[in-house]
Amino acid sequence: MSGHGASSLAHWAERIRAAAAGRSHLRLRGGGSKDFYGCGPDAGNPDTLGTRDYAGIVAYEPTELVVTARCGTPLAELEAVLAEQGQSLAFEPPHFGSEATVGGCVAAGLSGPRRAQAGALRDFVLGVKMLDGNGDLLTFGGQVMKNVAGYDVPRLLAGSLGTLGLIAEVSLKVLPLPVAEHTLRFELAQQEALDLLNRWGGRPLPISASAWRGDALHVRFSGAAAAVGAAANSLVGLGGQPVAAAEASAFWHSLREQTHAFFAGDAPLWRLAVPSTTPVLAVDGMRSDAQLVEWGGAQRWLRGEGDHAAAIRALATEAGGHATLFRGDAATRASSGAFQPLSAPLLRLHRNLKAAFDPRGVFNPGRLYPEF
Amino acid sequence: MQTHLADFIEGTPEGREADTILRSCVHCGFCTATCPTYQLLGDELDGPRGRIYLIKQMLEGRPVSRLTQVHLDRCLSCRSCETTCPSGVNYHRLLDIGRGVVERCVPRPMAEKAMRFLLREALPRPWLFGAAVKLGRWMRPLLPPALADKVPATPGEGAGAWPKAAAHKRRMIVLAGCVQPALAPDTNAAAARVLDKLGIALFEAAGAGCCGALRYHLDAHERALADMRRLIDAWWPHVDSEQFGGIEAIVMTASGCGAHVRDFGALLGHDPVYAGKAARISALTRDISEVLDAEREGLAALLGEAGAGTGPEVSFHSPCTLQHGQKVRGVVESLLAVAGYRLSPVAGAHLCCGSAGTYSITQPALSTRLRDNKLAALGAGSPAVFATANVGCQTHLQSGTATPVRHWIELIDERLNG
Amino acid sequence: MSIDNEIGAPRCVVGRRQLIAQLRTVLPPHCLLIEEEELRPYECDGLTAYRQLPSLVALPENEAQAQAALEICAALNAPVVPRGAATGLSGGAMPHRDGVVVSLAKLKRIVKLDPLARTAVVQPGVRNLAVSEAAAPYGLYYAPDPSSQIACTIGGNVAENSGGVHCLKYGLTVHNVLRVRGLTVDGEIVEFGNAALDAPGYDLLALMNGSEGMLALITEVTVKLTPKPELAQVVLASFDEVTKAGDAVAGIIAAGIIPAGLEMMDKKATHAVEPYVNAGYDMDAEAILLCESDGTPEEVAEEIARMKAVLEHSGASGIRVSQNEAERLKFWAGRKAAFPAVGRITPDYLCMDGTIPRKNLARMLVAIAEMEVRYGLRCANVFHAGDGNLHPLIMYDANVPGQLDLATAFGAEILELSVELGGTITGEHGVGIEKIGQMCAQFSPDELDLFRRLKRAFDPGGLLNPGKAIPAAARCREYRLTRGAAPLAGSVR
């Protein structure tokens, strides 16, 4: 645990105020494990403000189901401490490297395979301590499960990529680790898999993750031993083959951390968030088998060389969702933007919010959208 | 809720009662959820909580006008809100008091006055109403639609035979009622036949007229109280004297009358002469379903093979005066099941059909919407027949459907005697 | 209580006649209320202690009418107070003196229900329970279930981020809403979230939840539907000491159990509801716990056994498990009707909503008992114990001069203690007008200033529900002065 927490916060506040006064920018950065995500973090050549030194778990009482940690705390360290008490971050955040920090995790707002069942990162953020663009140290939310005093700033910061302020400390809801887990594998084409996943989604089955790739559907069950056993048994009749525990665990880890073979190589990686019932997506000029489906059909990964941004985004919009250029070279990111463009009224609200939190535009300019 | 009643009513019996009721309301709004008019109109003023507020401000001495009257008029008095209310607000009493005050303060337009006069004077008089129905059948094409709908196009089947006066020891009175003899003449006869099989003699007392509910709900409170006293006088010899062998109960085959007769004790509570008698009458009053429920074993034995889900499908509309007013719930449904009928589920079973006494005539637009919603819910499972427990609901529903709408006791009678 | 100096309250008086004339051009006659006689019933929501006659009430029948009305209000600088079923307990829908109440109760259509995608698109005036009723034929339901769910509307649920008795496991409104369509203050249509699980940019959907009608006027909501568990059973445990019940709550969580619901009622609360509901509560118990398990039959059997073991270990004096669905609903009925049922034993009550770390439940109960004596008012306690969310019901009689002030001071002390114990002044009812003073206790001037900036990002003129939730700087200066000079404990007696 860092012994000079207060002094580093004061130091950061000073840097922020100086940047604001001098109309310069600051690039907020934790472990740098998600530098690839979003738009150019180096727009306008900003100074980097690294947050790794401000680390440590501030409070953790397992019976309260809450952990409070400083932004620089390594994500792996936090998860290890929770695991010792039989608890976890149920949204299974991806680390994308051992350097990943808690602050970066919240700022990126990404969730892993369990998201469709357990909820997203933002659903678990209970409170934050932050520095705004004036260098003021502010606290929002808290350590309790329910809190509607004032606007929900903690959830607003989740996924804001450091553009609204510096997340200094965060309180997260934690949950007990499932007692039992069991994975089944089905041989299915993508559309069949989508149909099944949606039908199962309407039944009270303890499905905690699902993934379709290359004509195989993996489904994970989590919960009480009896429930997992009963649920898995009820689906074995449909051709489900049990997957050995170690193999299953490695498989889900490879999806969470994108170390699965699907994610290898340099071809742009597109993430589409769509309604789970959206039929198989087809993009002209892209190989139809270069797809991976997660979250019961609600998250689709597409890969392919070439400039398909317009077609993919149109497809996602038509389905009622949106598309993110999750990984891609700087040139593609610069030309197509990482994130789906906003409607005019939404863009106006984004700009206004940015100005409300960071009036001088100090933090991570352009990281989310080039306009702010 | 906080109250500051105005001088004109504070300290009067009505004022004290209203104050107690107002103060029991915590303004939670649960009542709006099950109020038929609020569900249709979505205006606070057309739900119980808003009406309570309208009455409150009037009793607190704020100016009152036609605006308040319109919203109080729209209330069906179905008392669905009372079933929902967790605070136990005696809404219908407050409404009665409130309507009485409005009636004194706010003049009605001429046409409305005439309509209400006609309803008040004609309906409670069986001889006049019966003649009017016969005439009406004739005049149907000339009547305004709201009224024409209520007049059956063809005469219903006449009253079936009453059982021969058997020497049963057990005796009960049944109320003939004012409009039922003309519109559903077989209901009481069917009840008598069913009870006869169970060893109970049912008879109508001579000189018994209208129970007073109609006039009471048209805000003619004094006239209504007179009706009630007259009815008590007609019944009293049977209740009080051994001369007629005494009676076990006063049976109601129209739940609208039942709910009102059960209120006699409260409504005449301040009458030095009638208070005691009225309370006794109320205590003796039973809906026909409660009487049969107590004879369930005997009924099941009589039906024997006829039971066990072999009968036709029927959907039951529980009148508000039965389920909310008298708080008799689920009894008719289970009796029909005992008699072998298969019951279709009915969505929104707590909602009023729009009949509500004279509501179908005074508020035709809302009434028709509620009726059509109710008929859609009743018909969802395509049953052969709709059953209900109040003559008002029966004729109102029948005016919008070709599916027969009958009093449920007639269905039981058919299984027993058919 | 002056609210005119709260943030964004308009400075100039609106021309009421002009407002009426223009609104008449876009609303049918029965959708615009202008006479005092009709406006009075709109002067408060579920919190009757705070009342304000509105200038006008508009009842749009569709989004286009709402939009047109909003445009007119914005142009004439008239405040707008959105209203759903007005079951709220913090005065969030209390009108503004110069403002138009925009009731969305007529927008009550379920636009679309997609059982396969497990979503429903509903208008804001649809009742919470109506969504579950519509979804029931498909084995689905809408999970958040505030006690007022029979009457409260989805629009209001979003505005308050309503919870319920099952949110420890199934989440609050914010966790069960995918998309909110609304109107900005100048009548522009805007969509937060979408039909997928997330949306690009800032999480404005999360921000809309709990924003108390101050950021946009909601005209449509897409909610998530959840498959109905195969089985649910509830354990009803009695305790002869409230502190034992408090400890049992911590014990359940410590055992790694996340109950579907975990509720606590003290003796005064059970005695209020039992005569009305006949739920079968133990009338001798000082406190009861309702602890629910749901899932597959195997899962439930396993979990109920574990729950019973913890409850026994914590010293429960009686334990009953619901044997069928009817009994389960009966056990819950008492809890769901608890607030208004207290209306049977008192003419008025204030319902508090503080949330504290679970470990402090017992401490809070002891403190409340002490306050009862000091203020001379009774207080029944109903807790969402699993979430640490307290609903103390302070009983008073508004007809007795001075009692409302006493009750308000009592409530303020509970809320301030909630903050002191590491919690918050409101878990699910919202700040509204009721707790606006205590916002000054929970947040620093800088934090409140950020809230004001955030508000202006959406509503620069401060026309949407002005005077609610976020206190003006002047109010907080006054609050700090009075609280500093005369601590509550000393101000009574």
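Residue numbering begins at 1 within each chain, and the chains themselves are lettered A, B and C in the order written.
Criterion: a contact is a pair of C-beta atoms (placed from the backbone, for glycine too) under 8 Å apart; a residue touches a chain by one contact, two chains touch by 3 or more.
Predicted, not measured: the structure shown is a model, and the values here were computed from it.
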Among line, ring, star, complete and other, the chain contact graph is line
Centroid check, CA-based, most central chain -> C
Of A-C and B-C, the pair joined by more C-beta contact pairs is A-C
Chain A and chain B have mean C-alpha positions lying a whole-number Å distance apart equal to 61
Chain A to chain C, mean C-alpha position gap in Å, rounds to 29
Whole-angstrom distance, CA centroid of chain B to CA centroid of chain C, is 38
Residue positions on chain C within touch of chain B in the complex are 30, 33, 35-38, 40-42, 44-46, 48, 59, 85-87, 103, 105-106, 108, 125, 127, 129, 148, 150-152, 273, 276, 337, 339-344, 347-349, 398-399
In the complex, chain B touches chain C at residues 1-4, 23-34, 39, 41-45, 49-50, 53-54, 57, 62-65, 67-68, 84-88
Seen from chain A, its contact residues with chain C in the complex are 61-66, 86, 109, 115-116, 119-120, 122-123, 132, 136-140, 142-153, 155-156, 158-160, 164, 175-176, 179, 198-199, 201-206, 223-227, 229-231, 273-277, 295, 298-299, 319-322, 324, 339-340, 342-343, 345-346, 349-350, 352-353, 355-357, 368-369
Chain C contacts chain A in the complex at 114-119, 138-140, 160-161, 163, 167-168, 171-172, 174-175, 184, 188-192, 194-204, 206-207, 209-211, 215, 227-230, 250, 253-254, 256-258, 295-296, 298-299, 301-303, 355-359, 384, 386-389, 422-431, 435, 439, 442-444, 446-448, 450-451, 453-458, 469-470
